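Look for subunit A in each of the two complexes below; its partner is subunit B in the first and subunit C in the second.
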Partner chain A sequence: MSKAFLIDTTRCTACRGCQLACKEWYELPANKTKQVGTHQNPPDLNANNYKLVRFNEHLDGETITWNFFPDQCRHCIEPPCQGAADTVEEGAVIKDEATGAVIFTDKMAQFSTEDLDYVRESCPYDIPRWDAKTKRPAKCVMCIDRVREGMLPACVLACPTGTMNFGERSEMLALAKERLAKVKKDHPNAMLADQEDVSVIYLLAEAPERYHTKAVAQAPARNTRKQLFASVRSSLTSVSKS
Partner chain B sequence: MSYTRRGFLKLTGAGVACLSLSQLGFDLTEARAYATSLKTKGAKEVITICPFCSVSCHIIAHVRDGKLISTEGDPDFPINEGALCAKGAALLSMSRNEHRIKKPLYRAPYSEKWEEKDWDWVLSKIARRVKDTRDKELIEKNDKGQTVNRLDSMFLLGTSHASNEECALIHQAMRGLGVVHMDHQARI
Partner chain C sequence: MTNHWIDIKNADSILIIGSNAAEHHPVSFKWVLRAKDAGATVMHVDPKFSRTSARSDFHVPIRSGTDIAFMGGMINYVLENGRYYKDYVVDYTNASYIVSEGFEFNDGLFSGYDPKSRTYDQSSWKFDLDSKGVPKKDPSLKHPRCVFNLLKKHFSRYNIENVSSVTGVSKDNLQKVYSTFSSTGTPDKAGTIMYALGWTQHTVGVQNIRSAAILQLLLGNIGVAGGGINALRGEPNVQGSTDHTLLYHIIPGYMAMPRADWQTYDAYNKANTPVSTDPHSANWWQHKPKYFTSLLKGWYGENATAKNGYCYGLLPKIEKGADHSYMFLFDRMYNNEITGGFIIGLNPMNSVPNSNKVRKALDNLDWLVTQELHHSETTDNWHRPGVDPKKVKTEVFLLPSAHRVEKEGTVTNSGRWLGWHDKAIEPEADARSFGAAFVPMMNEVRALYKEEGGKLPEAITLLNWPKTYNPEYWTRLINGQFTKDTVVKGTKYKKGQQVPSFTALSDDGSTMSLNWLYTGSYTEEGGNKAKRRNPQQTKMQANIGLYPNWAWCWPVNRRILYNRASVNADGMPLNPKKAVIKWDGKKWVGDVPDGGWKPLSSGKGKHPFIMSKHGHGQIFGPGRKDGPIPEHYEPVETPIDSHPFSKQLSSPVYKFVDSSMDKLAKPADPNFPIVLTTYSLTEHWCGGGETRNVPNLLEAEPQLYVEMSPELAEEKGIANGDGVIVESIRGKVEAIAMVTVRMRPLKVKGKTVHLVGMPFCFGWTTPGTGDSTNRLTPSVGDPNTTIPEYKASCVNIRKADKLTEIEM
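Coming up: the complex of A and B.
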C-alpha cells in the first residue's frame, strides 16, 4: 500500500514552517530575493526550494481573502514526468513501489537542457526544477530517506496546524473525506484536488484557480502516457530539425 | 485507524525494519545520488529548546563527531509535538549560515552604506545616544503637574534570545530611564 499526503489548506496559516523544514533537511542554500509586494518568497519553486507556500490574495467586495497553497510534487500515481523521461533514458525517473514516491535519479545528469525542459513541460503541475550548473534535480522526494526509517517527511513533522498530513493512502483518503464533509458546511465549493491521480491530495475550500493556476492538473493525460509522450516527442524533434 | 505523530513513527518503523532493500521496489544504487540514506542515523540526539519565542518548543539536535548536523521538532514534547514554525524550523541555519552578520554594522544618518565597527565603538555610541536622548527629552511632569518621569522618544524591542534574568535586567534598566514603550521581537 502506498503512502499519501493530505494537505488541508483550510488549516494553513502560511507560517512556512514546512517550506523551511524542507530546506533545512536538504541543506539547500539561500536564494537572493527582493521585495516584490507579496509575502510569497521566493517567488517560485527553484533549485533551492522543493516546497513553496504560495500566497494568493482576493478582494471579494469588502472582504480580503488569502488562499494559501503549500506547493510541492504530487507524486502522481502514473507520473507523466516518468513517461517523458523514459523517452530519453529508462530509469531516469523511478517510482518507489513501497511508498509511491516519484524520484529523479542521477541518470538525469546526462540530460540536455532541452530534455530537462521537456520533462518539466510534461508535469501537469509545473513542479520540476534543476540547478542550472550541476543539473541536480530540485523536486520533493517525499523524504524517502526518512519515510523508509519510519519517520514523517520533514514538512509534515514541522507543520504546527494540521495542514500537512501523511500516512497510508487509504487513511489519508478517509481523512480527506471526513475533512471535506466538515469544510463543505462553510465552503460549498470545497473539493479534493485530483485525489484519484496523485499521492499529494489537496483539500481546497474554494475553486482551485483561487489558490494557484496549477492547483489541479492542467490537461491530464491518462493510461497511454508513455505512448503519447513518445509520439509527441518524436513529432517535436522532427519539427525542430526541419 | 488514527495515530499520533510518535505512534506513526513506531508503527511504520517496525514495518520498515522487516523489509529487505529489494522489497523497497527499486535498485538503491541507481538512485543513490538523489535519495540517500538517512543522514541523522546513529547521530547523538540532544534535546534543546527553540530560542525564538516563549512557546519554547523542544527541538532534537542531531550531533555527530561533535558537530551539529540537523535539527527538527521533538515529537515527544507535548507542547509542539514535533511541529515548528518557519523560525524554529530554520535553527540549523542559525548555527552555520554564512549570511549571518558576525560583526556590528553601522549606517550613519543619510548614508547608504553599512560600515563594520567594533563592539566598543558601537556600545559607546549607543550609550551616548541613549544618555543624550534621555537628558533632552525626559518628561518630568504631565499637563496636570503630576510627576511622571516619562521618556516617550525611546522604544525597546525585546528579544527571545534573552533569558528570564536578562529580561528582568533589561526591563529594569529601561524603566530606570523612564522608557514606557516596549514590545517583543516574537510579535513582529
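Coming up: the complex of A and C.
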C-alpha cells in the first residue's frame, strides 16, 4: 500500500514551518531574496526550496480572503515526469513501489538542459527544478529516507495545525473525505484536488486558481504515456529550433 | 493567561483582539482550530488582515488605539441587552458594592485629578464599608451608586453610533462581534479573549485589559474552561522573566519594589499587606510577609535575621513615583546622568521608541557590557551609519553568549507551566549562559567589595551567593528550603530540605524561597516537577484537556485560575459538560481548586477571587493610575482632534519624556495623517538580532516592508514593491511598499483614515535589509507600566527616489 499526504489548506496559517523544515532536513542553502511586495519568499520553487508556501489574496466586496498553498511535488500515481525522462533515459526517474515516492536519480546529471526543461514541462504542476551548476535535481522526495525509518516527513512533523498529514493512502483518503464533508458546510465549493491521480492531496476551500495557477493539473485528455510525451517532446523541440 | 494553551479548545467563542496569534504564537492555533472544529466562532479584531484573520471566521478591521471604545461598546451592549450572567455578576463580582459619594466621573476625568502633576489622588475611588469594615452591597443591583449602575451609566455613551465613528468599525461588524461574543453570557457557554502586545503597547494598555476583565466578569467567563483573559506571552520567556522580575517595579512573586518611604521591614509589610475583615474573603495577600521574609532569607541566607529585619535595610529603595523603566532610563542616559551599564539579551537600539534618540543616548556612556550571540545594533552602536566610530567615547565589551540549545534550565510558558529544557550541545569556545557569566562575575565584585570596601558593601558581601552557576541549584532555591528542622502537617523536614508548598512558607525566618509562586515546583516528594512528562489524568481532567502530571504550573499546579468561580455555592459546576472542579461531598476533584476550603454554602467557604482583598472580581478596580473603569482616550498621536466620549482627547496621565528629540505630532496634524502600527512577524524574533543571522529565516522575510492599502498607494502614486520613505515628526525610515487588500481604509468621524503597518525586526547590522522602524515611534507610555505606544503613532509616506538602507 502506498503512502499519501493530505494537505488541508483550511488549517494552514502559513507559518512556513514546513518550508523551513524541508530546507533544514536536506541542508539546503538559503537563497538571497528581496522583498518585492509579498510575503511569498522565495518567489518560486528553486534548487534550494523543494517546498514553498504560496500566498494569494483576494478582495470580494468587503470580504478579504488570503489563501495559503504549501506547494510541493504531488508524487503522481502515474508520473508524467517519469514518462518524459524515460524518453531520454530509462530509470532516470523512478517510482518507489513501497511508498509511491517519485524520485529523480543521479542519472539525470547526464541530461542536457533541454532534456531537463522537457521533464519540467511535462509536469502538470510545474514542480521540477535543478541546481544550475551541478544539475542536482531539486524536488520533494517524500522524505523517503525518513519514511523508510518509520519517521514522518520533516514538513509534516513541523506542522502545528494539522494542515500537513501523512500516512497510508487509504487512511489519508478517508481523512480527506471526512474533512471535506466538514469544510463543505461553510464552503460549498470545497474540493480535493486531483485526488485520483496524486499522492499529495490538497483540500481546498474554493476554486483552485484562487490558490495558485497550478494547484490542479491542466492536463489534456490522456493518451498513452509514451504517445503523449513523444508528441509533447517533438513540439517542444520544433519550438526551440524555430 | 488565567487559563492555558490547551484550554482554548474548550471555548465556544474566541475573540482575538490586540494579537496576531497565528503569526506570533503559531501553536496557539492548534487549539483555536480545535475549538473551531467543535463549532466555536473565531473573531479577529485588528487593523490588519493577517494570517490570524485568514483562519478566523471573520476579521474586523479597527483603527489602532481605539480598543476601549470597541470594548466599551460591547460592555454597553451586554448591559443594555441583558446579556450578562446575572448570578455570577451578583455572587462573584463587585457589581453590588456601593461606591462612596466622593467618586465622580466628569467629561473624561475621574475625581481627584491634578492637572499640574498629571496624576490622580485616588482616595475617592473607594467603597462604602459597613461597621465591620466590609464593603456594603446591594445584591438587587438597584442602588444608584452600586458598581453595576455606575458601570451602566459610564458606558451608556458607548453606543454603536459613537463607537463606529471613532473606531472605524462598521455598525454591522460591531453588531456581529457583540452579539456573537455576548452569547457566552450563559452558564453553558464560554468565551475567551486572546490578547498580546497589540493591547499592551498603548498609553491606555492596562485599561485595554481592564475592559476585557470587566466584560469577562459580566459574562461569567472567568474561572471556567474555555474562558479567561489570555495574555499570549512569548518565546523570550516573558512569563518566567516577569514572575522573576525582569522589570524594576516589583520583586519576585509580584511584590512591590522597596521604596524610600518604607524604610524598615515592618514599614514595608504594613504598607503592602492588605487587611480584610470579611470572614469569607481569603484575602490571600495577607500572607505576603511570609513570602517576603522567605525571599529575604533566600537573598541573604543566614545573615538575614529577625533582629536585622532580614537585611531589608540592605535593599536598594526607589523614590515614591520614580520611573526606572527603559524609556526613562534612556532619557537619563541622553541627559548624561548614567555613565555605564550592562545590556544583555535585548537590542534596545532597535526596539526602544525614538531610536535616533536612544542611539545618541548610548554614545554618552563611558562603558557598556553586552553579551550576545551576534553583533547587534546595540553592541555595534558606535559603528552605525552616519557616525564616526572614533568620535564615540564608549568602551564596549561584547561577551559571547551561549545559545538556548547550549544551556539547560526552566522556561515558564503563557499558561504558567514550568518546563525544563535540556542542553543539546556545549557552548562553543568561550561562550557562556547568562548565569554562568553572571555568578562568577558577582563573585569578583564581592571580592572587590570585601577588599576595598565602598558604599554599603554589605548589600553585596552578605548575599547568599554560590561559587559557581548550576541551574538545578537555582531551581531548588526558587522553590525554597527550610532553614531549620520543621514539622509540616505531621511531616518532618530537616534544615536544607525542600519546602512542599507555599502554605508552609513562614515569616519567622524558618524558610527561604526565591519566589513563593514557584514553591511546590521542586519538592522532596516530587523532585524537579518541571521535568515531568506524564500524560496521566482523570476522566474529568481529560474532558477539558488538563494534564496535571505534565510539567508543573504556578500556583500549586492550578491550571485554571479563579476556578472556584466555575461552581455554585454547593461546589457543583455551573457548566457540568466542561467541569473544572467539583465538590464530591468530601473533597474537590478536577483541577487544583483556588484554595481547599469547602463550598460557600457550607458557611466555611471563601469568595472565589482570592487574590483581591474582598474576594470578588473587580469590575470597579481601584489601584490603577488612570481610573477604576476604562475610558476611551486617543493615542497621543492621533489623526483626529476630538471624539464623542469626552473633551479629554488623550489620557490625562500618560507618561512621556521631554527633550529636543522627543517631538510629538499635534492631533490631526495634516503633515502626518496616516496611522502607523508596528509589529513582529513569524519569521523573526523581536528586534531580529538573532534571526537576521539565520539565513533560512532571512530568506523567507528578507527586508523591511510597509503594508498599505491599494487606495493609499494610489493616492500617493506608489506601486507594489516600490521603495518608499515613511516619515514621522521624529525620523524617517526606508521600506518596500507592500500594497495589499489586507489593509483597508477606515471611515473615522466621516473621513477616510489610512493605516500602515511595519515590522521592527530589521537593522543596519544586516546590510541591505533596512533599519530600525522605531526611529518613527514616540516615547510616550502607559501611566501604570510605562510600556511605550508602539502600536499607534502618526506618519506620512512617499515614494523614494533612491534607497540607501535597503538593497533593491
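Rule of thumb we're sticking to: the second predicted complex is superposed on the first by the 227 of 242 C-alpha atoms of A that agree within 3 Å, B and C clash if a C-alpha of one lies under 4 Å from a C-alpha of the other, contacts with A are read in each partner's own complex, and residues count from 1 in each chain.
FYI, a residue touches a chain if its C-beta (ideal position, glycine included) is under 8 Å from a C-beta of that chain, and two chains touch if they have at least 3 such contacts.
These numbers were taken from a predicted model, which means no experiment stands behind them.
K.L.:
Is A:Glu24 touching anything from subunit B or subunit C once the two structures are fitted on A? First, second, both or neither.
P.N.:
Both partners, subunit B and subunit C.
K.L.:
Looking at A:Val36 after the superposition, I want to know if it touches subunit B, subunit C, both of them or none. Which is it: first, second, both, neither?
P.N.:
second
K.L.:
Is A:Asp96 contacted by the first partner subunit B, the second partner subunit C, both or neither?
P.N.:
first
K.L.:
Is A:Cys15 touching the first partner subunit B, the second partner subunit C, both, or neither of them?
P.N.:
both
K.L.:
Once the structures are superposed on A, label A:Lys182 by its partner contacts, choosing first (subunit B), second (subunit C), both or neither.
P.N.:
A:Lys182: touches subunit C, not subunit B.
K.L.:
Is A:Glu209 touching anything from subunit B or subunit C once the two structures are fitted on A? First, second, both or neither.
P.N.:
neither
K.L.:
Name the contact category of A:His58: first (subunit B only), second (subunit C only), both, or neither.
P.N.:
second
K.L.:
Looking at A:Trp66, would you say it contacts subunit B, subunit C, both, or neither? Reply first, second, both or neither.
P.N.:
The second partner, subunit C, only.
K.L.:
Based on the A-chain superposition described above, do subunit B and subunit C contact any of the same residues on subunit A, and if so which?
P.N.:
In subunit A, residues 15-17, 19-20, 23-24, 30, 160-161 are touched by subunit B and also by subunit C.
K.L.:
Could you please specify the touching residues of subunit A with respect to subunit C in the complex?
P.N.:
Interface residues on the subunit A side: 11-17, 19-20, 23-24, 29-39, 41-42, 57-59, 62, 64-68, 160-162, 182.
K.L.:
Taking the touch rule as given, give the residues of subunit C at its contact with subunit A in the complex, in rising order.
P.N.:
22-23, 26-27, 29-30, 33, 37, 49, 51-55, 59, 682-683, 695-705, 720-722, 736-742, 744, 806-808
K.L.:
Show me the residue ranges of subunit B that touch subunit A in the complex, using the header's touch definition.
P.N.:
Counting only subunit B, the residues touching subunit A are 1, 3, 5, 8-17, 19, 23-26, 30-39, 41, 70-73, 75, 80, 82-93, 97, 99.
K.L.:
In the complex of these two chains, what residues of subunit A are touching subunit B?
P.N.:
Residue positions touching the partner: 15-21, 23-25, 27, 30, 91, 94-98, 101, 103-107, 109, 136-137, 141, 144-152, 154, 157-161, 166-167, 171.
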